[in-house]
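Got some structures for you, see below.
Two complexes, one shared chain (subunit A), two partners (subunit B, subunit C).
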Partner chain A sequence: MKKTEVAIVGAGPAGICAALEAASYGVEVTLIDRGEAPGGQLVKQTHKFFGWHEKSAGTRGIIIAQDLAKKAKEDPNIYFLGSTEALGYYQDDGVLLVETPDGIKGIKPERLVIAAGASEKMLLFPGNDLPGVYGAGAVQTLMNVYGVRPGQNVLMIGSGNIGLIVSYQLVQAGVHVEAVVEGLPQIGGYAVHASKIRRLGIPILTRHSIKEAYGGRYVEGAVIWEIDDNWQGIPGTEQDLKVDVVCLAVGLSPLCEFLWQAGAEMSYIPALGGFVPIYDENMETTLKGVYVAGDVASIEEASTAMAEGYLAGLAAAHSLGKVPEDEFKSKKQAYATELEQLRAGPTSEKIVSGLSVLREQIGKRVSL
Partner chain B sequence: MSKNEEDIIVCRCEDITLGEIRKVIREGATTLDEVKRITRAGMGPCQGRTCRLLVAGEIANYLGKPVSEILQSSYRPPFKPVKMGDLAQIHEGNGDCCDCDSEEEGVNS
Partner chain C sequence: MMDDVLLTTGIPSREQIESRVPPKERREKGPFVVIECFQEIPCDPCYHSCRFGAIREFESINDIPEVDLDKCTGCGICVGSCPGLAIFVVDETFSETECLIALPYEFIPLPAKGGEVLLLNRAGEEVGKGKVHIVVPGKKPAGTSVIWVRAPKELSMEVRNVKVLTEGGARCE
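And then the complex of A and B:
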């Protein structure tokens, strides 16, 4: 069985940064991803990012992904295992089970970093099984990775940053966006993204939801309506929109199967995306030697995912005795400060409050 | 296409509707595992990644409890369906199984 010092599940921004950091201390890293190449969701982010280090602010996600992937590829201490999915982790034996193109294999890592990301949430409404109902991530993959338009007229559900950014990217691709609807009384994403959408003449309808999608063999239209304080539709407020795509951007859910299965303590914190593992300031879960970074730890941005990745990689390398104590302390402080700065804005208040709830939860086990 | 609320597909992998989910909840299935075992919701290729939260939400609504109090289902490896042949290969020792400790047979080779 292959032995490795640090195995990292997920080669998105968090996983790659964890790999680069650990490898910089001479740690032998095995970086695992379902995709053929590293990069994760960053490869389809064609928009420019805000604050991330001095070097990456204003850089497009795809460029950051290419840069990170290149560094990982060139690093002799990082072994990238692509087209490979993790199937389970046996804490007692310390064995990570993976499905590679050559069959199922076991890997025995001394430390494990879970940076598996998140999955898209689904919404229940009549017609949600019609072809033409997409998750926002799928629309981004179609457009930005494969260059395929998902349709002609889109109804976007959800005004978080993903809903707003994907709406903009749809317009860039020549697709008409009929409206963005949002259940909450206010827009979820950054004002800068919302303003761009509004300048294009796309209405953002708050306190609205989708009533149904309809059509024969695919989406031919959708009905939206106003909702009350209890998220119930108000009869008489229906609007019929002639769209052929309904795009769902209604949130992400951390991919925590690993941590549940391995027995990590979990906590339900809606502000962080639902059930998340409890982890300390080193990103270490209640399972010794198992770290988390990125959306698995809390649904946030690629910028925080990268900082968390560096932190997790540093802590894993330090626990293997590879990082001098002084350097560990100063670098850890630097990453913590960076995370604090990235979460300084009013839009991060929810995350900050969620993280403080998480810290209070340490020791209160949610058992199966 | 689902036209009525009861016909909405909750578990896309196993084609389980909202009506079916609500029926078993009314009949006393109040954990994800119970709903899963009766209806198969969450037992398909995605292993509940899409429907798990939706089912938990339905149970929570019915019981008038927060989702955090709805008992999550057990997670067991493998997290995704794998070929029987691949599993058999491990058992027969032809693959890179968990018991053999050969350095040469690793994924790196």
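And then the complex of A and C:
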């Protein structure tokens, strides 16, 4: 059975940064992704990212992905295992089961970092099973990875950053966006993203939702309506839109099946995206030697996913005795400060409140 | 504080827009930057892009950019740096009747110099016709292009987007 010092599940920004950090201390890393190439969500982000100027803000996601992937490829301590799905982790035996193109294999890692990212949420409405109803991730993959338009006329559901950004990218691809509807009384994403698509003439309708999608063999239209404070549709406010695509951007949840299976303790914290693993300040879960980073730990952004990845990689390398104590302390503090600063603004209030709930739970565990 | 209309429609309020209009004397002096970024978000490339120190240094990554109009030359470098596409430059000294407006542009093909454009406001509604004065293609591999358009002077604080009627320039190869 193949042995490795650190195995990392997921080669998105969090997983790659964890790999780079651990490898920089001479740790031998196996970086696993079900995709062919590393990059995760970033490979389909054609817009410019926010964050710090020094940390690639103003750079398009796809270029950040290329830079990270190149660094990982050039690092002799990182072995990338693509087209490989991690199936399960059995801590008692210390075995990570993976499905490679050549069949199912076991890997024995000394430390494990889970950076599996997130999955998209679905919405219930009549007609949601018609072809033409897409998740925003699928629309982005079609458009920005394969160069295929998903349709001609799109109704976007959800005004978080993803809904706003994907609407903009649709227009760039020459697709008409009929409207963005949002159930909440306010737009969920950044105001600058909202203004950018409003200038393109796309209306953003708050307190609105989809009533139904209809059509024979595929979507031929959708009915939207106003909703009240209890999210109930208000009869008489229906609008019939002739669209052939309904794109759902109604949130993400951490992809944590793997952590459930492995036996990590989980907690339901809606502000962080649903069920999330309980982890400490080293990003270590309740399973010793198993760390998390990125969207799988809480739904945030690439900038925070990267900082968490570096932190998890550092902690894993340290626990293997590869990082001098002083250096560990100062670097850990630096990453923690970076995360704190990124989360200091009003747009991060929800995350910060979710994280404090998480910390309380760690506190309870320690005092048990 | 955030004005509700911005967060319910995506269009900044009158007060927000007016807060970015320089005094008359400054407007008559030459081009000036207009930063329509009203929300604290973790982002700072605008500050780093300005070589003239006209955008004040950020204390926190979440700061709202503040401009020192005495230092701003209206060069337009910051326009292409902003991931929020929230920065514009306005020059009301261009001619008796016309102004120049620099806008970020991320569509292909790029417009042709001298070509006609429909002038659009912050809601994407047509408010007039203008001409493309200069096209500054984005830095390789994927920078934001900046186009300077000529518009009737009274629309200097209205026009924030264009619809290109005459295509030209670089196509995707």
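Please note the rule applied: the second predicted complex is superposed on the first by the 359 of 368 C-alpha atoms of A that agree within 3 Å, B and C clash if a C-alpha of one lies under 4 Å from a C-alpha of the other, contacts with A are read in each partner's own complex, and residues count from 1 in each chain.
We take it that a contact is a pair of C-beta atoms (placed from the backbone, for glycine too) under 8 Å apart; a residue touches a chain by one contact, two chains touch by 3 or more.
Bear in mind the structure is a predicted one, so any value in this text is a computation, not a measurement.
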| item | value |
| --- | --- |
| Subunit B versus subunit C as contact partner of A:Gly88, first or second or both or neither | first |
| Contacts of A:Leu200 with subunit B and subunit C, given as first, second, both or neither | second |
| Subunit B versus subunit C as contact partner of A:Thr100, first or second or both or neither | first |
| Which of subunit B and subunit C A:Val357 touches, first, second, both or neither | neither |
| Touched partner set for A:Ile187, first subunit B, second subunit C, both or neither | second |
| Common interface positions of subunit A, toward subunit B and toward subunit C | none |
| Footprint of subunit B on subunit A - complex, ascending | 1-3, 30, 79, 81, 85-90, 93, 95, 97-100, 102-107, 119, 121-122, 124-130, 212, 214-216, 253, 255, 257-258, 260-261, 268, 274-275, 366, 368 |
| Complex contacts: residues of subunit A adjacent to subunit C | 46-53, 57-58, 60, 62-63, 171-172, 185-187, 190-202, 204, 206, 303, 341-348 |
| Residues of subunit B defined as touching subunit A within the complex | 1-5, 7-10, 12, 18, 47, 49-51, 53-54, 66-68, 71-72, 74-80, 82, 86-87, 89-90, 95-98, 100-103, 105-108 |
| Of subunit C, residues touching subunit A in the complex | 2, 4, 6-12, 36-45, 47-49, 60-62, 81-86, 106-107, 120-125, 141-142, 144, 160-161 |
